[in-house]
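Listed next: structures, encoded as structure tokens.
In what follows, chain A forms one complex with chain B and a second complex with chain C.
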Partner chain A sequence: MEDRIKNVMAAVFGVSPGEISDDSSPHEIAAWDSIKHLNLVLALEEEFDIRFEEAEIPSLVNFKIIAATIKAYAE
Partner chain B sequence: MVVRLEETYPYLLRDEFRGAKFYQLSFGNITTEDLVSQAMSYLTHWEPDFIIVQSGLADCKPEAFTEAQKAIINRLPGRFLGQMKKYVYHPSLIKRRQIFRVSEQSFRKTLKKFKIVFSKSRIFWLEICAAPSYENERPGILRRVADYNKIIEDVYGDSMVKLQEKVLQVDGLNADNVHWRANGHRLAADMLIDRIGPKYDMHGIRGRANG
Partner chain C sequence: MELKYSEILQRNAALSKSLPTDRFEIAVLSNVEVFQLKEILEYALRVDNIPAAVTTGDYDNIVQDSLKYKDADLVIVFWELCNIIDGLQFKIELFDDEKMDQIFDRTVAEIDFVFRNLKDTSLVLFNAFTGVQFSSASIGNTNLERLAARLNEYVQSNAPRNVKLVDLHKIIAHTGVRASIDLRNFYSSKALYSINFYKAYCSHITPYVMSANGRSKKVLVFDCDNTLWKGVLGEEGYDGIELSAATKDGAIFAEVQSIALSLSRQGILIGICTKNNPDDVTEVIEKHPDMQLRDEHLAARRVNWSDKVSNLRDMARDLNLGLDSFVMVDDSPFETNFIREQLPEVTVLQVPERLSEYPQILRENLGLFYNLSSTAEDAKKAGMYKEQEKRERSKKDFASIKDYLTSLGMKMTIYQDDKSIIPRMSQMTQKTNQFNLTTRRYTERDIENFIEDKRTNVFAFSISDKFGDSGLTGLAVVRIGDDNCGIVDSFLMSCRVIGRDAEFAFMNCLIDHLKARNVQIVLAQYIKTSKNEQVMDFFDQCSFPLMSSTESEKNYSLNISNYKAKPIDFMEFIYGRPN
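So, the complex of A and B:
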């Protein structure tokens, strides 16, 4: 699952999957702006066939939180 | 009854564990998802030893209107607003409409997410507490509180701090039926100290001024 998330993030932000780490956040990835954030949300929803709740979308600000959120949906 | 800052359980814990670093995040009337979102964005890289969460009442509280509907009502011109406001929290309307801000499924997911993000921390989640007489104001609240507490117990097991019965025994809830009196805070602090202090080798971190 984590590799799939990294692949999605890499594709959205135009970096290699190897550059995505637990600490990856808008502070580390220059391309992670508000538009890319929405693209990321849509891409993750499509990849994992889930629909994030409106309230949790702003909190998806680093890889660790994104992974935990998707795992919580999967459980 | 006014509760002084020094009487609240976070303050009492700071007093008990003077060598520990504390970070307190408090918001009134927000859902657990909103609270957890704030906590995660600030604290994911800190990985504290212990996290104490008191949240859930806003999630399960029955309402007569949705938040969006309430926002519209609040924008009504003065003369209509006055008339409408008495219906917003009218018990019979709440009883009939039973609208909730957060579904049980969503609440469960939020709890799981928080547990995954802070997997290296020991999380204590306080049982949601409400006085029996709150049922008169918010019909349906007691059943919802019981259901949501069951979810907390399912997800957090014995890390849920069961307070409800004990708080009621010491008359620890305020006249508003939800906020704690000083003795409710003292009870919560003592229960947390009992669980954190001896079990997790807090030697050197504990220490009150009076010994």
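So, the complex of A and C:
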């Protein structure tokens, strides 16, 4: 699952999956602006066939949180 | 589109590395955010070899952006009612008549501005107004829907020819209202539509872009057994095959034949290519009471036991069309795979195992044949190709080509700057690939601009002979440039009339016209494409001296007094009414 998340993040930010680390956040990834954030949310929702709660969307700003949130949906 | 958004992003990024420098520029003007449209649209077109580059205008800036992006190859307008004023989707239901009129008048005034700014743009796709995103569950009409209907009526009667209305209802029906919109992002950032909507939207508008790039399909070829009728003719026999609308399975094939017949009426060439005994198939075509596709509808027939790849190649050669304008329908996976493998440029449709889905699959693919400017010429086409076949046959009875041409009793009618034939002229520039010296594609608006420009003339010709009228089949755009030199901007001819020296007769007329305008020097150019090799020496044959040449083009400069006109004494010339 983590690889799938990294692949989606890489595609959205236009970087290679290897550049996505556990600590990746808007501070490290220059392309991670508010529009890309929206694109990321939609791409992840499609990838995992889930729908994030509106309140949690703004907090999905690093890889670890994203992975943990998606894991919770999967359970 | 089957791919996920993240896969589209990835593949689109990869494709953007190999884009040619000459892009198909698309500008999207919108009053809502359309963040994800750019890459999805680019990808949808790039996989079809259209080097699309999409620019999104500023948020809610349609009027100003229509001026800024008027030179794009395509402008797409997303004008959403819900954001004409902030929150219109709920505010409008409290409006009285006066306020309804006010908002209508204001919007119409803006639409007028946009249409004026975009009047010379090659192609504009304007999304029809709709309130269905918010009104799909209401029983009566809401004010939002009333406004949409009024605005659409206005747009329909006032849109210039280059503006095509996109019916969003079809796209939203395809995706479903709930799956089309994302209200979370609408309330937070004015982004109305979902990824699924954008995918469906891009698929829906692809035919417009393909047509604008001269990439519409022109020929639909059917296998016969279990494709045009149920059963195997060689086994079940004339009385055993089913194609009657009165039987369960027969009805499906009757529907398929009707779809083919209606395509043929729109000018799409219908062919058959089947492994069968020719006499058996002829008997069905001529006599079977339930057969709808008859000899006069079939532009080409290949009924034999050779392989279908060679047959399709022969067919393309005889019709003088590229294989990339062919669609083949067959029930045998062996045949469809073989054709896909050997002729990847042919679009292949497989008759589905669930027979009931067959007509619908055909309908879903009709966009392949979409043509921006369908004309009266198209409807006559199957007949014209048949005449072509007859000419080929009678050619053999004459000792010399000259005798043959004389016997035809040809008349060439030349039209200069004739506004009544703009759609057909534009279509010729979009669809002619082989006998086309520069392959410049022009929209109806472009042609109209040429006609209105005093320094540019648009010539076209039609040819008739004892077998029939070819219709408009040749076109040239000629410009008077600086220093009063003449420039042959475009010169093209339908392959239907090749081999009759019409091209030389037409060139003689153009040179006469330029002489009359006191032109001394005529500049001409051959621009190489993957399809126009047959005309690479055309200007040489017309006595134009070659000045320079590269891999991709040849440039000519002719002193008009040195022009050696090819004598054409077997053709009568008539001049159509000039504008």
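The working rule: the second predicted complex is superposed on the first by the 75 of 75 C-alpha atoms of A that agree within 3 Å, B and C clash if a C-alpha of one lies under 4 Å from a C-alpha of the other, contacts with A are read in each partner's own complex, and residues count from 1 in each chain.
We take it that contacts are C-beta pairs under 8 Å (C-beta built on N, C-alpha and C of every residue); 3 or more make two chains touch, one makes a residue touch a chain.
Remember, predicted model here, so these are calculated numbers, not experimental data.
Engineer: Following the overlay on chain A, give me a clash-or-fit verdict for chain B and chain C.
Structural biologist: These partners fit in the superposed model.
Engineer: Go through the superposed model and pick first if A:I66 touches only chain B, second if only chain C, both, or neither.
Structural biologist: Neither partner.
Engineer: Once the structures are superposed on A, label A:E56 by its partner contacts, choosing first (chain B), second (chain C), both or neither.
Structural biologist: A:E56: touches chain B, not chain C.
Engineer: Angle at the Cα centre of chain A spanned by the Cα centres of chain C and chain B: state it in steps of 10 degrees.
Structural biologist: Approximately 140 degrees at the chain A centre.
Engineer: With both complexes superposed on chain A, which partner does A:E46 reach: first (chain B), second (chain C), both or neither?
Structural biologist: A:E46: touches chain C, not chain B.
Engineer: Examine A:I5 and indicate which partner it touches, taking first as chain B and second as chain C; both and neither are also allowed.
Structural biologist: Once the two structures are laid over each other on A, A:I5 reaches no partner at all.
Engineer: Should A:I20 be classified as contacting the first partner (chain B), the second (chain C), both, or neither?
Structural biologist: After superposing on A, A:I20 lies clear of both chain B and chain C.
Engineer: Looking at A:I29, would you say it contacts chain B, chain C, both, or neither? Reply first, second, both or neither.
Structural biologist: neither
Engineer: Can you give the closest approach of chain B to chain C, taken over C-alpha atoms and in whole Å, for the superposition?
Structural biologist: Checking C-alpha atoms only, chain B sits 13 Å from chain C at its nearest point.
Engineer: Shared contact residues on chain A for chain B and chain C?
Structural biologist: Comparing the two interfaces on chain A, one with chain B and one with chain C, no residues are shared.
Engineer: Report the residues of chain B in contact with chain A in the complex, numbered from low to high.
Structural biologist: Residue list for chain B touching chain A: 31, 33-34, 36-38, 40-41, 44-45, 106, 109-110, 112-114, 116-117.
Engineer: Can you name the residues of chain C that touch chain A in the complex?
Structural biologist: By the definition above, chain C touches chain A via 4-7, 9-10, 13, 35-36, 182, 184-185, 188-189, 191, 194-195.
Engineer: Considering the complex alone, what residue numbers of chain A touch chain B?
Structural biologist: 23, 53, 55-56, 58-59, 61-62, 64-65, 67-69, 71-73, 75
Engineer: Which residues of chain A touch chain C in their complex?
Structural biologist: 7-8, 10-12, 14, 34-35, 38-39, 42-43, 46-47, 54, 57
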